[in-house]
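Next, two complexes with subunit A in common: one pairs it with subunit B, the other with subunit C.
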Partner chain A sequence: MSAVRTLGIGTLMHAKHLSRSSFEIALALIIPLVQATLAVYLFRAGDEPHRLLEAAVGAGLMGVWSSVLFGSGGAIQNQRWQGTLEMIMLAPRRPVLVVLPITAATALTGTYALLATLLWGRLIYGIRLDFAHPLRFLAAALACVAGLGMFGLLLASTFVLIRNANALANPLDYPIWLLSGMLVPISVLPSWTAPIAAVLPTTWGARALREATSGGPVWPSIGICLAISTACLILGAFLLTSFERRARAAGTLALS
Partner chain B sequence: MTTLRLIGVGGLLAYRALFNWTTPAMYVGTLLAGPTFQLLFFAYLGRQLGVADDGFFILGNAVLAASSACVFGGTMAVANERRYGTLGHVLLSPRSRTVIFWGRVLPYAGNGLLIAAFTLLMGTLMLGLRIPPAALPGIALALAAGSLACGFFGLTLGALGLRFRDVWVVSNVSAALLLLLTGVNVPRENLPPWMADIGQFLPITHAAEAARLLAAGHGLASAAPALGTELLVGAGYALLAAVLLRVFEAESRRRASLETR
Partner chain C sequence: MDSEYAIEAEGLRRVYRTRTGWIRPRRETVEAVRGVDLTVRRGELFGLLGPNGAGKTTTIKMLNTLLIPTAGTARIRGFDVVRETREVRRRIGYVFGGDRGLYDRLSALDNLRYFAELYAVPAREQRHRIAELLELVGLTGRERERVEGYSRGMRQRLHIARGLLHRPEVLFLDEPSIGVDPVAARELRRTVADLAANGTTVLLTTHYMAEADELCDRIAVIADGRIQALGTPAQLRRRADGRRVVEVEAYGVPATALTALRDLPGVRETALEERGALQLLTVQSDAGVDVQGDVLRELAGVRLGRVNSREPTLEDAYVAIVNAA
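Showing the complex of A and B:
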């Protein structure tokens, strides 16, 4: 019970922290709107206006992924720069319980993008929010946020071993958008990309949202998204503990 | 001659200083892999929607590839001086600050050209676009014009850094808007007229148009007006940057806000 409380309060605190940054908020809101606008005109140009809602959802999900990628990828590094890494690692809880709230918060604040693109589509382009399964859409969105938060922990623990994690994070936006089928159906990609797409939680999260939007079996996709994300969480927790021990032994915890 | 030296040597020194923190891994990841993935994303999206052929997206995104290096580089040319506390030293220089900052843009533009050429090469190899060999010099010219215009556009944004604190929001949003408004990914006839009109005054728009004309075998004479317009847009931003730098420098001296962050 106290672990759940730690996760809940920690997530809320970090979400509030991220929401105080005008830079983060501006990017989380404005750039997805530009991408949503781009998607709307591309879908219109391609004579697929009936898929505009899918385009708005896809563009929003792209924003959620960007938030997780840059927020979680730099989670440990940011704590280092703020001088708070030693303090959170000194907390009498497992490292996963203090880092997971940070990555979960990046996914939670990423939902600003999803909400913004849906509102933008409705108000500016008159896209009717006719979800095939509105409640399942909500469930899929929650699963996506939870799943990406857990996936974010794996990113955080992996990137921490790389000195310039942003070198890896910067080019990862587009490949994940592409491989996960957020705007482009996976079926049009070369066949060798299918196994990579199948192990990404983002693929199943995007699929669940798309099925809830335009119709289809949502629950299996949600289940697979959460299963893969849980595996990422376990692996991330193991890597994080291993990193913490190594860094403590070498005395390099606060060194960037 | 000394002015040319100031532009060339000053720009190169500042560019080398950047590599105090930029590593080869960061360069490859951000500036080479990133634009290539961007090109693939839009090419596959366009292919699936049937918006245009691969060539449209390959050439457009290759020209646009320079923007990440040039827009952010041009912004950093000014903003980083402030961030690292060296802006006062630059502004105390007895030489023209306009020339100093114009000089900073040139290495970024050269870098942008390299990135654009790399992205074009990757796009043609991965998606199988054939470009007539005779068109290559003209396309190189279009890429260079686009990079230079983007660099001065970035310098204009950087100049805002003398006045506003969060210039990075402006740069990030501007870079995203280039994706939308320049007709690189959405054909301009499919954009609302006001968006297409704004695009006329942005870098990349005319360079992408010239590159597409050249790749279609229309020859340099057909692409010359677009190339000339791109250079004019670049020159316009160079002038605007010079004016803004001068105005904001005077204002920040008067308000003693030069080093505030």
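Showing the complex of A and C:
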């Protein structure tokens, strides 16, 4: 119970801290607008109204993904730069309990991109927000945020182990959109991508959102998304513990 | 497990391996701490003094679990800092000097809320504890402002409040008074003394000798990664017994004059400290020998200010110990 409280308060505080960064604010204002536009112009050709909404949702999810990729990938390095890494690692807690709130916060602030994309889509392009299953859409969105937060932990813990990991984030941004079918259906991609897509939690999250938008079972996709994310969480927690140990041995918790 | 000692260290060593250069990386090793033994009793206020780069921060970080020692062992309240990390962390607080290490875009209150939760302060005590600490460090009324708008000293006081949130039994203070104004520094000293009086063990590093002299039960002087002297302030001061100190204010003492001074009969130590445009030259000599005349003769041609002769202080003893290292 106390762990849940710690996660909750930690996520809230990190989300607050993140959302007050002027860089983040600038991005948050511009990106959803671009994404809504992208969604509309890529899919205006199709006449089905649902396709447009689907595209807007997919574009919004891309925003969540970017926030998680860049925020979580650089989470530990950012804490190091701020000089807070030592202070949070000094807590008498498992490292996962300390870092998960940070990556969850990047997913939470990323949700803003999803909402804003839908809003811009509605206001500027008149996309009608009639979801096939509004409540399931909400559940799917929550699952996406939770799942991406957990997936973010795996990113955070692998990226610290790699030198110049920031350079790695850029080339990952775009392929994952594509592979997970956020923008175009996976069925149009070459078949060798299918196994990769199948193990990405983003694929199942995107699918759950799409099913809730245009009709479909939703729950199985949510379930698979959360299951894969939980596996990522466990693996990430394991890697973090070994990172902590190594960083204490190498003296790299602080900038020197 | 209960131990009479709050801190025990045996043969602590720490080597840093660094890589420098991009094109042709060179590996370098720095031996920051080369065998430190110390024990600190419960409730004791222990000072760690030493010049820049002596290994004070490194020693503290090995004791507070942030660094794994290259060799040697350490225990906090009987718990091993490498094997029983979580038990150690529950019992320690860490405050370091400087203005980093806080969440700048959060308020002081949010910073404290976050760390209270992280450091496992029971939920129903948090609010009261935070209010109490804000009062203690004099930030009440400003707690809802973002930390990015805080002055250096205010940040430092927030650091201190954070370090105390979970009522640590052992407190590590690494230059806690850096950037703190004189009045606040005096309050900080009183706070630290009160904590120790109430049973908290404190390990303090500082560059202010008067602070160490006033606060510490015992002091270790560390230089080159080794403890060079250890004792009560009175015992350390006695190292300079039988000496006399001449202080000269000067402008532009040439290096040659400084070496010449060192070779004067009876002279034990010389130190030159820059104070803005002014330099403060300190010459320690055997008490039996009056070196003032000789010193002034060597400084002929140098513009001088006040000259005075006095009894040695803890600082002079410290200089003697560090110079001998």
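Here is the rule we use: the second predicted complex is superposed on the first by the 247 of 256 C-alpha atoms of A that agree within 3 Å, B and C clash if a C-alpha of one lies under 4 Å from a C-alpha of the other, contacts with A are read in each partner's own complex, and residues count from 1 in each chain.
By definition in this document, a residue touches a chain if its C-beta (ideal position, glycine included) is under 8 Å from a C-beta of that chain, and two chains touch if they have at least 3 such contacts.
Since the structure is predicted, the reported quantities are computational estimates derived from the model, not experimental observations.
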Superposition on subunit A - do subunit B and subunit C clash or fit: fit
Spatial angle subunit C-subunit A-subunit B, Cα centroids [nearest 10 degrees]: 90
Partner chain in contact with A:Pro195 - subunit B first, subunit C second, else both or neither: neither
Partner chain in contact with A:His17 - subunit B first, subunit C second, else both or neither: second
Which superposed partner A:Gly126 touches (first subunit B, second subunit C, both, neither): neither
Which superposed partner A:Arg93 touches (first subunit B, second subunit C, both, neither): second
First (subunit B), second (subunit C), both or neither touched by A:Trp177: first
Superposed arrangement (fit on chain A Cα atoms) - minimum subunit B/subunit C Cα distance in Å: 8
Residues on subunit C engaged by subunit A in the complex (per definition of touch): 14, 16-17, 61, 64-68, 86-87, 89-90, 92, 94, 98, 100-106, 110, 113-115, 117-120, 123, 146, 162
Residue numbers on subunit A that touch subunit C, as the complex places them: 2, 5-6, 9-10, 13, 16-17, 20-21, 82-84, 86-93, 98, 245, 248-251, 253-254, 256
Complex interface listing, subunit B residues touching subunit A: 23, 25-26, 28-30, 33-34, 37-38, 40-41, 44-51, 166, 168-169, 172-173, 176-177, 179-180, 185-187, 190-191
Contact footprint of subunit B on subunit A as seen in their complex: 22-23, 26-27, 30-31, 34-35, 37-38, 41-48, 163-164, 166-168, 170-171, 173-175, 177-178, 183-185, 188-189
